Every structure is written in C-alpha cells, then in structure tokens.
Amino acid sequence: MKRLLNLQPSRFSRVLLGLLPLALILLVYLVASDLRLAANPDDKLLPSLAQMGDAISRMALEPNRRTGEYIFWVDTFSSLQRLLLGVLIAASLGLVIGLLTGSLPLFGAGFSPLLTILSLIPPLALLPVLFIVFGLGELSKVALIAIGITPFIARDIQRRAQEIPVEQLIKAQTLGANTLQVMIRVLLPQLMPRLLDAVRLSLGAGWLFLIAAEAIASTDGLGYRIFLVRRYMAMDVIIPYVAWITLLAFVLDQLLAWFSRRLYPWHGKGGV
Amino acid sequence: MKRLLNLQPSRFSRVLLGLLPLALILLVYLVASDLRLAANPDDKLLPSLAQMGDAISRMALEPNRRTGEYIFWVDTFSSLQRLLLGVLIAASLGLVIGLLTGSLPLFGAGFSPLLTILSLIPPLALLPVLFIVFGLGELSKVALIAIGITPFIARDIQRRAQEIPVEQLIKAQTLGANTLQVMIRVLLPQLMPRLLDAVRLSLGAGWLFLIAAEAIASTDGLGYRIFLVRRYMAMDVIIPYVAWITLLAFVLDQLLAWFSRRLYPWHGKGGV
Amino acid sequence: MLEARNLWKRYGDKVVLERISVSVQEGEFVTLVGTSGCGKSTFLKLLLGTETASEGQLLLDGQPVRDEPDSDRGIVFQQYSVFPHMTVLDNVMAARAFARRGLTGYLFGQARREAQGAAMELLHKVGLGHALKLYPHQLSGGMRQRLAIAQALLAKPRILLLDEPFGALDPGIRADMHQLVLELWQSHQLTVFMVTHDLKEGFYLGTRLWVFDKLRHDPQAPDAYGAGITYDLPVGKSDRQTLQAIQADLKEPQHDIQN
Amino acid sequence: MLEARNLWKRYGDKVVLERISVSVQEGEFVTLVGTSGCGKSTFLKLLLGTETASEGQLLLDGQPVRDEPDSDRGIVFQQYSVFPHMTVLDNVMAARAFARRGLTGYLFGQARREAQGAAMELLHKVGLGHALKLYPHQLSGGMRQRLAIAQALLAKPRILLLDEPFGALDPGIRADMHQLVLELWQSHQLTVFMVTHDLKEGFYLGTRLWVFDKLRHDPQAPDAYGAGITYDLPVGKSDRQTLQAIQADLKEPQHDIQN
Amino acid sequence: DSQRTDFSICWSIYVGWMPWGYAADQGIVKKWADKYGINIDVVQINDYIESINQYTVGQFDGCTMTNMDALTIPAAGGVDSTALIVGDFSNGNDGVVLKGKRNLRDIRGQRVNLVELSVSHYLLARALESVGMSERDVRVVNTSDADLVAVAATRSVTAVTTWNPLLSEILAMPNTHLVFDSSKIPGEIIDLLVVNSATLKAHPELGKALTGAWYETMSRMQDGASTASASRSYMAEASGTDLAGYEQQLASTEMFYDPAAAVAFTRSAQLPATMQKVAAFSFEHGLLGDGAADAGFIGVETPAGVVGNPSNIRLRFTADFMQMAADGSL
C-alpha cells in the first residue's frame, strides 16, 4: 500500500470522488426538505425539487401575467448586461491604471497609496454618494460594480507589470523603443492574460456587488428578484436563482480561462 | 532628459507624490461640501469636517445617555471581535481544507469540484438559510464572514500547496517521512505565510460580510451603526465611520504583512 | 545488488527509455551522461520509485524496487533539495526526526538533543559548522548542495542518487564538492548514481560511466525510439580516444585551447 | 572608442568595482571572466547606462555614455532577452518597429512588408528560418539565444553586450553559438563585451580577456574593497602557463583527465 | 410540549415597536415573565423582513409586523399566527411624496421608488385608487429601505412612497410634497405583535406576560406620566434619532396607549373590511402563494367575523389578552 501522499486516483475514480460530496449534499437537502414539508406542507424554507421546478418553469417558460415577459430570462439578461458592463469598465480602468502605475515609477509613487486606500474602502457603505454622482439608473449599478472591483484589478495589474523582467524593458530600449512603445508592445500584451486572470478572480465580488446594486433600485435582474421574493420567503425561487447564478459564474469563469489559453498560448509557460 | 520609463522619483518626492492625490481628493470634497452647505445649510450629503468631528467626538468621547457606553469604541470593539473571529475560523478551516486537498490527491479529487462551486455561490443571497442554521446571535455574524471567505482561502492554500516543489516531498520521503510527517513538517510551515497572504487578500470581503451581517441582526458594531443612521442619511456619522473602517483595514493589513516578514523570514526568497 | 532487466519507459506514445539491461554492484559510483532530454532523470526516477517502468523489471537485491521513495534511496536534486523554511541545523535534524516513526515529525527532549549533536557533527564535517542558524536562501548554491547531501546522508541510504547536483555551481566550488562526494562515498560505502552534463566530471568521479543515447533514430517520428545505454565504461581504463569519440557523439565543443 | 577613467561603483557601503581605467578600440572582442558576484554584470550595466558610476567616467567617443539604454548598445542576457508573447518573426520585426520613431511600435503596410523581409533573411542566417511562427517557450535554449542575438543585431548596435549568453546551454549547442557569434562579430564589425563563467570560452572567443578580481582583500570587511581588472590579456599571445595561473586564482578544478 | 418555559420574540426598529426594546432593557419583560414563571428572550433584528422570515421558519415564537405582512409571510407560509397585541395603526406615518408637484394626480406616468410588496406598495395602490388610477398608471421601482433616503435625494427620483422616519427625512428635502398619507386610510396599516397560534394556545401565560409588559410600557410612555420623557428619549436614541424626531414620528402614529381602545379597534367591523382589501391586494400581487385560487384562499379570523376561507384560517385577531389588560386582570 502506497502512502496516502502518493496515491493517485484513476481518471474514473477522480470523477466519482468529485461527484460524491455533491451527491451527499443533495441527499441531505432532500431529506431535510422532506422532513420539514411533512411537518408543514406549506413550509417555505426548504422547498422540494418539484416545487422549485414548478416555480422556475413558471418564470422561465410562461409569460408573466402582468408584463407579458418571461421573467427569468429578462432577469438573467439584465443582470448579465450590468455585470459584464461593470466588469468591462473595471477591467479597462484597472488595466490602464495598473499599466501606468506599474511601469512608470513616477505614476506609481503618485497613485499607489491612493489605490491601496481605495481598495480598502467598503464601497457599499458609500452608496448615497454614488447615487448623487451617478444617478439611479443603470449607470449607478454598473458604477457600483466597477468601483467595487477596479482597485483590486488595478493593484493586481500593477504588481504584474512590475513582475515583468526588467531585462525585457531594457532590451526593448536597446532596440530603440521609447516609453510609449515599450508600454504598448512589451507590457500591454503581456498584461492581457493577467488581466483575464484578475477578472476571473474578481468575478465573485462582481456578482456580490451586482446583487447589492439590484437591491437598491431596480425593476428586474437576478438580485432584484431574490430580494423581492425574499419578502414572502419564496425559497422555491431563491434557491434555483442562486444555483443559476452559481452556474453562470462558473461558465463565465471557464469561458475566460478558455479565452486566455486560446488567445495567449505563451502565457504561463515560464520565463524565457 | 531620461525616458519616463526610467525616471525614478527620489525618496522625498515619492512621499510628496503619494500625498498629492489624497490632498486633491480632500480639497475637492471640501469645496463640494462648502458649495452644498452654502446652498442649503441643512444638506446632509456632504457634511463639513467640523460637523463630522462633532458627530464623532460625541460618539467617541461622551458616554451615551441611554446606555452609558462610548458608542464608537463599543462598535469598534464588537466589529473587530466578530471580524477577527470570523477570519480566524475561515483561516483555520481554509488551511486544513487547502492542505488536505492540495497535498493528498484523493482528497483533492473529492473536494475540488465542491470547493469551486462553493466559492462561486454568493453567500449574501443565502442569508435567510444562514440565519436559520446559525441563529441570530454572534454566531451567525461570525459564520457569515467565515462562510464568505473560507472557500477563497481554501482554494488559495490548495493551489499553494500544489506549488510546493514535489522534490521537497520526495526528499522528505527519502528521509523516511510518512504522509502525516510530510504534511506537518514540510507543507504546513511553508503554507503559513501563504495563509497570511490569503487572509490579507480576503480581509476586504471579510469587512463586506461583516457590514452586511451587522445590518441584518445586531445591536452594535460599525456596520450596525452605519445601517442605523443611514435611514436619516447622517453622512456626518457615516463618512467618519467608513474612514475609520478603512483605517482599521489598513492597519490590519500592514500588521499581517509585518507578522509574515517577522515570522517567516525565508518566505518569498525564491526557490532553493 | 541492483539489476535492470529489459527496462522500457514510455509516456503515452513517447518512448523515453528502451531495452535497458544492466546490473550494478554494491559500492559502485555510476555517472550518467547524455544529451538533454534523453531520459537520465527518468532513469533516476525509476530507481527512486516515483515512476514505474512500462515494461521490464528493476530489482534491488532480487526484489522489485519499492514503488515510492523510502529511506533506502537518498536523493539530491539540482534544486529544491532542502527545506527552505528550516535553518541549516533544522534541515538536518528533520532528517533524524523523519527517521523515527513519530506522528508529527518533531523531536523532543532527549531525542532532540541527540539529533542536534549528530546533526552538528555532520554539518561540521561538510563545512557548514558556521552556518547552523542560517536559512537556505542565505546560503550560496554550493553551501545549499552541501546541506542537501548532508541531509541525505543522515538517513543512511544504501543508494544515493544525484541529479546534476553541481550543474548550477561555480567551477571552483564544484571542485570542492567533488572532493566531498568522493570522501562521503568512500566513508559511507554508498552506491552512487550521479547524472551530470559535464562529461569530464563523469570521467573524474565515477568508477563506471554510462552514456545514454538513442540506439535507433527515425527522423520522421522522433518519439518512436527511446534511449538506451550506449557506452558502459569502467572508468580509469578508458583513454583519450574514447573520450573524443564520446565527445563527437555528444557534440561537445572540439576546440580545446592549444597547449 | 570606449574609455573608463578611474571608475568606481558602490551600492551603499559595498564597493563592487574600484579604480577601473581601461580603453577599448572599435572592433575588439572583450571577454570578461571572474568569480561570481565580483561585478562583471555591474560593469556591463554601467556600459549599458542602467547603472551610473559612483565615481570616475565612462566615455564613448570622448562623451560620457548615455545614462539609459539606447540602440547604440545591444544586449543579450542569459534569460529574458526575447519577448515571450511574440512569435520568432514578430520578435525580430519588433526590433525594426522600435527603430522607427512611431507612437505604438507597430508597423503597417509597406514598412511592415520590408521589415518582414529583413527579419526573415536574418532569421534564416541564424538558422531559425524554420521556426518563424513559434513562440519562445517552444524553442530550445539555444534557439532562444540565437533569436535574442538576431534581434539585437537588427538594431545595428555599435557595441554588443553579452551577459553569460550561453551559460544555460548544452556543450554541443554552445559550440554552434560560438561560431555564430564570431561570424556576426566579423561581418557586422561590432565591438563585443561578453561575460562568461567558462574561462576556456573566454580564451577561445575573445581578442582580449579581462579577469575581474579583488585587488585588495580585508577578511574583516569583505565589502570594503571592490574588484578591478587583474588581468588584461590580448588573447592568442597568452600561453598555457597564464591559463593555469588564472585557473589557480579562480580555483577552477585542476583535475584534467590524463591524456 | 407543555413543559416549555423559554420563549423568544423578535422585533425590529420602527416607531411603534421601539417600546419592545425599552421594555426588554428596563426589565419590564423580565418582570412579567417572572410573574408567569417563564423566560422571554426579546431579540432585536435590524432587517424587518429577516425578522419575519425567522419567525415564519420557527426560530421565534412571536414577532412584530404589519397586518399585511402577517398575512403574506407567515400565514401564506402555512404558519397559523395570532395577532396578540394591536399596538397602533399608521395615521400619517406612511406617505406618498412627489417632487415639484403638489397633486397626487400628477403621479401619472412617473417612476415611484418604494419597497415593493410592502405596506408602502399597498398605500400607493390605495392612493391611486382614491383618484381613479391603478398601478398601471405608474412604474414601481423596488428600492431597499436602507437606501431610500439617499435615493430620494437624487435628481432622477421624482416620486417616493415610504414610512417614517424615512418619510420625514425626505420631506425635509427642498421641493418635496406629501400628496397622500395613511391618515387618509386610517386603520388600514396596523402594527402588530404576532405569535404562533399553537404556542399561544398551549402557553397562554406567554400571551399574558407579553401583554402585561406591553401595557406597562405604554403607561410609562403616556403623556402626563413622569416617565414619559425619559422612556421616549430612550426609544429615540435606540432608533438613531433624538426626542424631537421621535415625537414627530409618534405624532403620525395612532398608538393604543389604552388597551380598551385597542380592544375596541380589534372588535370593530372595520378590521375584517380592511383585511379584505389587504387580501385582495396581496392576491393580485401573487403574495398568497401559487396555491391561492382567489383572494379568499387564506382565512382571517377577527372578532367581528371571518374573512376568506373559514376552513383555512391562518391569521387570527384576538382581543382576549388586551381585554385582560383593560380589565386589570393580568
């Protein structure tokens, strides 16, 4: 018998092992739900799979009585739009700030302390100021997401820019490159895959801010729906919505990873 | 004149440059506040420094009439206690889970998919369930923080454990070490500074969850106070509280960084 | 003592080693040379038990070698052979601690004092007596490899595997290390397998030199054939011509300075 | 052409180089050897302009060298000399793009086609004609350094600085690279400064060999004195005794195999 | 089980429920609980909805909430609940605010920020009804109560429906006008202490202790009492404002300081009529659950009669305990 340290599961048992805890959790849920529903058939806390299925098929497959919309898809579309826009803005800002502060020592000295402070401020606490500045429309929701994750991305990109071997910057200069050329041709392309990584890492926070933003003033969106139905504790809607959010987050994450591998085949292949 | 890329600020101008944007922001705030207050002396959105000073000195230096407590310090103490406890639990859990899944392939195969999923679930959306499972006392606030950041820490530690050169594990085994010994003497100590790093990275999220938890069920704490006075839009309390939270976050961050350098002088010194 | 019988190693379709049949006596000092990527490290991994042969057998005292590392076989890599989070003294004491079947790998009380004594003695012997309290990152490359060797020896392995242990060292320091290894080999009666890039090092140190190279070559499918042992020389009996022939094979620079 | 006048370099209290006075003519091939950490790379950095001398002057054609890198002085490091995110062809074309004073460093239209032609010609010359579309991580170490050299040459530097360019290469490949560098040096009429760990390489390649070593030594304060040029040999006129004397100084292993 | 002696109720910060915090802190609850040989834990939960949810899933035996939420959350969730104490009704405490316009009719076509599905939503529906409009004539924007004041300060927001203290904060802003408030629909938005019916049935002592504590607190608050100012200051502080601010909120709240008044209100015929309207509104907005075929799906029992399905009674109004308080028999 090999040491536990050296035991490698086969491909097949790897999949099985991975599914095991998930199946267990599902089982525990089903049992708990059954027990509660047996005690009170109207209990709302742990709905059965059938109840959740009903609720979601009603929202996804039947037009809403009042608005005629397919609520589930409208919510998904609105939320994704806000999230992606917010993340896109954060990524662009973060890239530019990170590139400037990470490559130009003068900028770095000027903005690093500010960035550190900004990244530590809890943005949710300053919502009122955000509203005044950005109004109440889509803009403020997108802005909350962007403001929430830009400092993180900017700091990450800054650190990554500083990690690029100085030898490359010197080499470029010996080839005649000026500052702008070094930034655009040497640093920027190498920061792109790192930007994708940073975006992946900050997607979780992005969802958090999205849900928080949609709770504030909104007429649709996944976070809006969760907050709304919380008023009558419709866990049969909340749980599938949370699961759906998790799935979307997972797909987005994998998509970004795939893009990164696709577009930047040289990334993560060790220093050369 | 050197290229911008090569211009290094002196020590002195580095400090000056760092303070510049902060001073600018302060100035902008003061001007904006002055303008608004001139237009409407009762405006609450951007209080003057004097107003904020009053509010805070009232809360920090005078005992509360109702309870006889110094509210500001009681809030600070409660919040820090919850935060630190939550982070401590998350760090311990994250370390154990990360160590097991990162070093033992069988565990890794079993729990990695679950960890990935858990790390993607937005915990705020499941608050009702959390409160029901953990009750409404201190436990639930601590639990929200712990649940919010444990998956992140665990995944980070897992990845870090896998990054430790396999040569070291082999070497330990050739010296006669068994699985437990390798984990305790080779992996665990090397993961400690990485744990501190992970904790530093997750402190921001920790504060977020703390504030969210205190807004729902609490009778003191920095987040509770902000929640309480938000309905009166008492920005003269909110802004200093947010600044105070930022300062506390900064000090905690620096303290952890200092600890890490102090306790683990070998950390980050390149592979040997 | 050690015997390979028609050993093959493949990774997927890629054949790395093929048809290796060889036997080694206790106390031999085998040096392994060959072009980069030809499978020298793979062969050491087979000896170590971290890889298993695709075909054939590798026997130690007539038994198949254990399929995971143990204290019979010590190893020193080019890098990462010491524990970066332990001081020099702790690194060596850890070897002692691992040797006892404890739960945590920590030593206490009497056992600790004993281990400390033994570790310090050995460290003085390898010339690290003045650096007990330093961490590996504070050591030079040569000191680090000394430490790695000391550590490995404390576990009293029967076989010592060295994978380009001096590849990253300065020439001056390398010479000292050669001295050290030869001394330790003799005094501990080890069987040593040492991979090196430096053919001369191989000639100088070993009692036996193996050259790894492809036996057959198909330009269309470079992965179709693996390497075997093309020269197996009892060193000392070899002459200049043999060296030059090998050098030509391995394309070592031909331009020695005029002398 | 290049002249150092009483050059000193300190980092804080630590003296790295001291009292270096030397002059080099256009077209010389200077090889620099010396123990690790003695300041060879630091000297190259002074030439390159990424470090400035603490004292003394370094003159190029009578003018102080520019205090930041420019296209007069090309460089090849042991590592990180090529851009990992560009293909082989792009790496070389980038050198052309940088040479024109554009804003972005990208080439378009006619300029692009021209640069492509020139780059491909050069790449064929250095033996990378078959690898145009590969990324650096897909190249072997030797190919990577060929690429780095090709890139550096396209900017037509007057001085080429090489900091242990072949330190990480296999012996066989190293010989090819020597050939390449010598050819390019002659055909481009470069002035070359090359740091190497390998004394023989230094003897073989250079027209002039500098040995860096401490002139004075204080065991109590190892940082108090810096290194200077202890030998400055016109190579070719040196004999075996000189080599052995230097070897002794640098503690190179003495045990050549019997021949 | 009948041996139980430990009970807990939860409350959230609102003008009409602040007495619970005072009663707990000042030992009034403990005094009454001791009298009946039980323990009552009084827990403050900041988030109103969360407090009701916690009650609904059985974490608490009682909770403060409005009549509408009592119907749509616990009752619709299958938890048979009893309104033990009718503390007050909103008499101007909830209102519709327009910016720049003085007439409710001007609300047509505007976006109205409010907490959707709350009593504010109900108030808006009633307001629109009063001028012959319906919800289709406006656009409702769900806005969390925590942010409502800040939101109202922005230029893009032109109409708001909310409760105090948010309402008075918003009305303090320039150019805002109160165009409708709950004093126009008196008695329809009622603040209750709701307890689990089964628990109450098994443990009437819980009902007695809570009612006794509540009315002792009421008497301490009452105008003319020596403790009035002190107790009200205490509650003001706890709700994050000062005495003047709290008095202002109280002014638009019809507190039943006198249990007899509460009894009369509970027994009046207006209560079932109100609950009928609330049920209709709730049904229309899907709050009674998917099983609800009509507004009468859930039965509401009041002393003056049952509203809706009498075989599915989930919400009960009782005046029995308040009557005991009025009689001084607690």
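To keep things simple, chains are lettered A, B, C, D and E as they appear, and every chain counts its residues starting from 1.
Keep in mind that, in the parts below, contacts are C-beta pairs under 8 Å (C-beta built on N, C-alpha and C of every residue); 3 or more make two chains touch, one makes a residue touch a chain.
Everything quoted here is computed from the prediction, not taken from an experiment.
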What is the shortest path, in steps, from chain A to chain D when you may only step between chains that touch? 1
Note down the smallest number of touching-chain steps it takes to go from chain B to chain E. 1
Top of the farthest list for chain D, CA-centroid basis, is E
Rounded Å distance between chain C and chain E, as computed from the means of their C-alpha atoms: 80
Rounded to the nearest whole Å, what is the centre-to-centre distance of chain A and chain E, using the mean of the C-alpha atoms as each centre? 38
Measuring from the mean C-alpha position of chain C to the mean C-alpha position of chain D, what distance in angstrom results? 33
Centre-to-centre distance between chain D and chain B (centres being mean Cα positions), rounded to whole Å: 48
Chain B: which residues touch two or more other chains? 3, 45, 128, 132, 173, 178, 182, 230, 233
Could you check chain E for residues that touch two or more other chains and list them? 53, 57, 147, 149-150, 153
List, in ascending order, every residue of chain D touching at least 2 other chains. 68
So, in the complex, the side of chain D touching chain A is made of residues 48, 50, 68-71, 73-75, 77, 79-86, 94-95, 97-99, 101-106, 135-137, 139, 144, 148, 151-152, 154-155, 157
Residue ranges of chain D in contact with chain B within the complex: 67-68
For chain E, which residues count as touching chain A in their complex? 49, 53, 56-57, 69, 72-73, 76-79, 113, 116-118, 139-144, 147, 149-151, 153-157, 287, 289-290
Help me check something: in the complex, which residues belonging to chain B touch chain D? 2-3, 6
Residues on chain A engaged by chain D in the complex (per definition of touch): 165, 167-168, 170-178, 180-182, 184-186, 189-190, 264-267, 269-272
